[in-house]
Amino acid sequence: MKADSGSYRIEVNHVTRVEGHGSIRINVREGVVEEVKLCIVEANRFFESFTRGLSPHEIPWVVGRICGICCVGHQLAALRAVEDSQGIEVSPQTVLLRKMFNESQFLQSHLLHIFFLAVPDFVGAPSVLPLVKSHPEVVKRALRLKKLANDYTAVLGGRAIHPMSATLKGWRQLPTMEQIAGIRDRLLAALPDFRESVAIVGTLKVPAFERETEFVSLKHPDEYALYDGEIFSSDTRSGVPVRDYRSVTNEFTVAHSTSRWSRWHREAYAVGALARVNNNFDQLRPEAREVAGLLGLRVPCFNPYMNTVAQVVELVHCLHNSLAMLERVLEEGLKEEDIQHAPRQGRGFGAVEVPRGILFHEYAFDAEGRCCDANAIIPTSQNVNNIEQDMKAFVPRMLPELTREELTHHMEMLLRAYDPCISCSVHMLEVAFIE
Amino acid sequence: MGAFLVRKAAVTEWIRSLAREQPLFFPQPVGRSGFRFQPLREGSEVRFDHYRPSVVPPGRQLTPAGEVLFRYRTGEGGVPGFESVLDASPRILAGVRPCDLRGIYLMDRVNREGRDDPHYLTRRANTAIIACDCLAPCDDFCFCETVGSLRWREGADLFLTSVDGDFLVEALTPLGESLLPGTGFARCEDVAGLRARAEEVRVRPFGRHFALSPERIAAILPGLWRSPVWENCGQRCLSCGSCNLVCPTCYCFDIQDDFDISDPSSGDRRRNWDGCLLPNFAEVAGGHNFRPQPSARQRHRVKRKFEYLVGRLAEGSFCVGCGRCGRQCTVGIDIFDIVSELVAVAEPPP
Amino acid sequence: MKPKVAFFDFAGCEGCQLTILDCEDLFLDLLERVDIVEFREALSETAPRFDVAFIEGSIHREEDAERLREIRSRSTLLVTLGACAGLGNVQARSNFLSPATNFRRVYGEEELNRVQADPEFWPLWAHTRVRSVKEVVPVDYELRGCPVVAEEFLHLVKSLVVGTVPHVPTVAVCVECKMQENECVFDRGETCLGQITYGGCKAVCIGHGYRCDGCRGLLPQANLEAHRQLLRDKGLDESRILERYRLFGSAEAWGRERRP
Amino acid sequence: MIPNFTTPDVAAPGVAASGVFVPETACSRELYLPQAARLLEVEALTARESRFKVELPRPLGHRPGQFVMLSAPGIGEAPISISCGPRDDAILEMVIRRVGTLTRFLHELEPGQWVGVRGPFGSGFDLGDFYGRDLLFVVGGLGMVPMRSLIQAVMATPDRFGKVTLISGWRTPADELFRAEVQSWSRLGEGSGRVRVIRLVDDTAKLPWDGGVGLVTEPIADLDLDPERTVAALCGPPVMYKFVILELVARGLAPSRIFVDLERRMRCGVGKCGHCQINHLYCCQDGPVFRLDRVAHLPEALP
């Protein structure tokens, strides 16, 4: 049965295979879409409230707990914000290590999303588990790569999730040259595995839906911006400094909800892998641009389902960029740095790209060096509005073609394509109104 | 057996060359003030002049944490087959100080007492020890002289003494002799003279001293079962067990089995460091704990070092005076202070 | 029969579930031994009953508590994963503030007024106290840490597979610090909660240059009085000491502190 | 790599000319390696306790009161008393209470499955101390298990001993172990009056019970007991000892005629792991059976 006739409501409570809890509600009355709504049902953890009182050193360590999968990103954004507030300049060595740290998490997170959360969608499997039986090599390879990416993070941070080595000004404990060389060697040895994995994504069928939107990401004059840069819009092709992030996110509330949504130059904007690839395509490493070509990703690309492909492109970028950075560390060596710092008063802003998009942190510290104000805006909360706009645009187009089940599946798939990270939702909270 | 007078640089070079042939554990600095016995690598520092006792004593290399005792595999008809795992790989412990040397000597005794422990003794048999003398206390925690460790040499294969900037290198066993370079070192005749020279410059008195000899301490302890000293340190004690785990003569262990997740019919049995300061150490099935309070556990530790084992093995003091437990205890409970207080109560100074 | 295992998450970062998914080497072996019937992180199936339910995250709303009770009723064993489920984790710090304060700080004054005036939002106020799982339903085992330790998870699963009681050492982090031969944090001139915290983490934070913040929870034998005095001696004032104790195990440490 | 264990004598380390050691093992017997034993019977005695009968590759040659280290590979190992008297065959009997990891696992096993056994360990009872004496056995609960190995030995040659009195205490009638066997001992003495059995429970729990109600200490005062001729052996939970000993001493029994069987946590059974230490003694080697006068002065022996 096609989905278009009659009045009904589609509800997917607790969409699976996303980080955190989200629900989709679609109301159709007599064949006309009346409402499409994405609800975040994750309980709020009030990070911005309870972080007050903590010291500058504790903030990055604690706010990493916002999200297990983006913990490195939260640490880095917090470190940048706190350092900004404390007037700390970090050494080139620290910047280099942090970039590696960040990219290690890109590898981890993208691998997880592509192979464990998204691929089952494309091949029509309910989860990765049946794939263990049907495609054992694919799963094993993915597990191998994931482990390697985790170990890469652990070499830099001490462990893969909630690492503890990175702190203000630098590293509590530096990785050893043996560890760096070990990871470099393993990444090199894994190149064939990466190649195979990329090839698999090339065989997946991506739904062909497009909706033009604004893409927002960091942009840096010298490199594919992941750790540093200005906030850049694809609409204006210009940027604003990080400290003005509130003029970008323009958080607004919608009636009957305390959820904060974002918009900049139009009704909604998108962040994430697709936004970054669209905005900074020329700065990707050549190997990554080549893969983009192979997988049919041409910029600008307005198909949100292609976000997964953009992640593959970034995977390749981070892999080769990491190899170059690891090589540099091996050449230049690492030296102990003074990381002592006496907390002081101040306010600071930080932004980094994390796998799901641009992440903003802001902190203020009082005269005693205790946190007195905190704000964090995560990529998913910036994306929610855009996802809903996509759904509103796609559902009427899909209605005549798809059954109700297919429609539901496509909506879930759309949501998952954004790789939403709802656990992070420091700011989002929506009341579900059941009539 | 041979004795040689060798330039410092030559000793360093020789140690390095030994490290190329087998793992050679040498104390290397960690963090701000710690030391760790680690395999010497190309480029690591070889220095004999700056040292504080390592966090964990070198003797622990002979009973590593989590060592596998045996592996098992279930064979035909469900019959388990057991295979002992013995580590007979050769190694050298170098830069071992007299207190730790005595610690190893005492562990040799313990592991031969009653029935031999094959795991310890196999490692021990394949371990050579290059000890080196202390001419000044490592820090304020040291009290090795008063418990009879300072001039300890037994158990070492080679013994190094710094004499006027050079080293007197003495081979004490054939194994030690075999580690010396072919003809590289010049034999020295007047060993006694050189030793006397070292003795002359040795700091005196060396480290902290008890008012009584170890023998007297062992004699007075039985009468001090109810001393308030136990309760005093029991109240401060956090029961963290650090004092046990860093002690060169603490050897208690716990045993755990594990099976392989990939094949549950095979697995292993391991042993892990344990300590009598840990709260559940003396708990039996049914939940009764024979030493429920920290004070009782402190008493047991002290009496074990200064009374029980002393009597059992007839070996002076089982505390070798390395000072580790006092150094590592975050609330400053120092076995030297405890014993000193006990001595003061039992035999108040005139 | 392979045990049926399910994973559920409440308010948390999902790092614990990821840690388990990250047992890459073992994940496939694990699948041979247990049937994973619910795992939202990786799976969209659900099952009516299971042998073991793993719970991640802390409990904030009454609807969450209800869901948890329902899960408990479907499962033979219930195991908490990590500091959120076990102790309330960092977010339980918000318990020390009024709901209005928390809300104002996150959403602002204007939003607070709007929400307070509108009865439709009132259910939100049920949202105000962070609870650990054991405050809501009985718990059979706790896997500790933020995040959990993969080896401990594996040990627990193995025990469940063969039907034995998992071995849970009640020893301090210091024990593992010694086994790792770490330099003590106090020797670096800083302070540490390792002496009063459940070990099992291989002292990983200390081994990587940090200190122990107590994410695995307070040991039953913890001598808080002596530890507090130690922190005072090291120059921490009372409010800093409280912050330290409350960081991960807020709810628990607080209850314990007040116990005579 | 797992080296196959060989058993050379304690040897000095061999040294090759280069100074590299020749690996070799260093001692004569592997202390921690169990031998595989086949389970012959598992019989539930009470809700918590079962009797296990296993067959070893060769006779154990144990004395009454000794114990073995029993293990299930992969699960764990624990000290378990030998509950049968000395015997020539390779059969070993044990009674195990289900309390924790290992014991629960053992209770799930079926005949034909295998376990690991090390031992026998410990001092045990020396029958020489008992010949020609009147014997008094006082047991509480699971204490019956090791004591049975002694009583069985006594009952094998009753003529070599004087009067035998057994006082056993149980929580409820449902907890009683070896009821039939105990009754057979008591029948053995019916004619001569040489064996007397007093069976007590704390509480009949409304179950049928043909013994008395009370604590094991209570009958001692009224026993027909000649302190000069009597030797007593005690085994039970930690709390039992103090009170029974007080009663026995009140009856004039010298501590040198009282034997106690003590329990401590043990990991190795061979005096290495340190857990079972009672002051300077090791329960596993110096005990678990002690003559009271040798431990009475030790503050940790009897809580």
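Going in written order, the chains are labelled A, B, C and D, and every chain counts its residues from 1.
Criterion: a residue touches a chain if its C-beta (ideal position, glycine included) is under 8 Å from a C-beta of that chain, and two chains touch if they have at least 3 such contacts.
Note that the structure is a prediction, hence the values are computed from the model and not measured.
Trainee: If you average the Cα atoms per chain, which one ends up farthest from subunit B?
Mentor: Comparing chain centres, A lies farthest from subunit B.
Trainee: Count the C-beta contact pairs for B-D and for B-C, then tell me which is higher.
Mentor: By number of C-beta pairs in contact, B-D is the larger.
Trainee: Any idea how many Å lie between the Cα centroids of subunit A and subunit B?
Mentor: Computed from C-alpha means, the inter-chain centre distance equals 51 Å.
Trainee: As a quick test, compute the distance in whole Å between the mean CA positions of subunit A and subunit D.
Mentor: 64
Trainee: On a C-alpha centroid basis, what's the spacing between subunit B and subunit C, in Å?
Mentor: 38
Trainee: Return the residues of subunit D touching two or more other chains; collapse runs of consecutive numbers into ranges.
Mentor: Correct list: 74-76, 100.
Trainee: Mind pulling the residue numbers of subunit B that touch at least two other chains?
Mentor: Within subunit B, the residues that touch at least two other chains are 256, 258-259, 264.
Trainee: Show the residues in subunit C shared as contacts by 2 or more other chains, in ascending order.
Mentor: In subunit C, 162, 167 touch at least two other chains.
Trainee: What pattern do the touching chains form: line, ring, star, complete or other?
Mentor: If you draw each chain as a dot and join those that touch, the picture is no line, ring, star or complete graph.
Trainee: Strictly by the criterion at the top, what is the full list of touching chain pairs?
Mentor: Every pair of chains in contact is listed here: A-C, B-C, B-D, C-D.
Trainee: Of all residues in subunit C, which touch subunit A in the complex?
Mentor: Contact set of subunit C toward subunit A: 9-19, 21-22, 24-25, 27-28, 31, 36, 39-45, 58, 60-61, 64, 89-91, 93-94, 96-97, 101-102, 105-107, 111, 114-115, 120-121, 123-124, 127, 130, 146-147, 204-205, 207-210, 213, 243, 247.
Trainee: Along subunit A, where are the residues that touch subunit C in the complex?
Mentor: Spelled out, the residues of subunit A in touch with subunit C are 14, 16-17, 19-21, 42-50, 52-54, 58, 61-62, 65-69, 71, 112, 116-117, 126-129, 132, 139-140, 143-144, 146-147, 150, 157-165, 167, 171-173, 253, 256, 258, 260, 374, 423-424, 426-427, 429, 431, 433.
Trainee: Report the residues of subunit B in contact with subunit C in the complex, numbered from low to high.
Mentor: Result: residues 30-34, 36, 54-56, 65-66, 235-242, 245-246, 256, 258-259, 261-262, 264, 272-273, 275, 278-280, 294, 328, 330-331 of subunit B touch subunit C.
Trainee: In the complex of these two chains, what residues of subunit B are touching subunit D?
Mentor: Answer in residue numbers: 18, 21-22, 69-72, 74, 78-86, 88-90, 110-111, 113-119, 121-122, 124-126, 128, 174-175, 178-179, 225, 251-259, 264, 267, 269, 271, 274, 276, 281-286, 288, 290-291, 300, 303-304, 307-309, 311-312.
Trainee: Which of the residues in subunit D come into contact with subunit C in the complex?
Mentor: 74-76, 100-102, 104-105, 108
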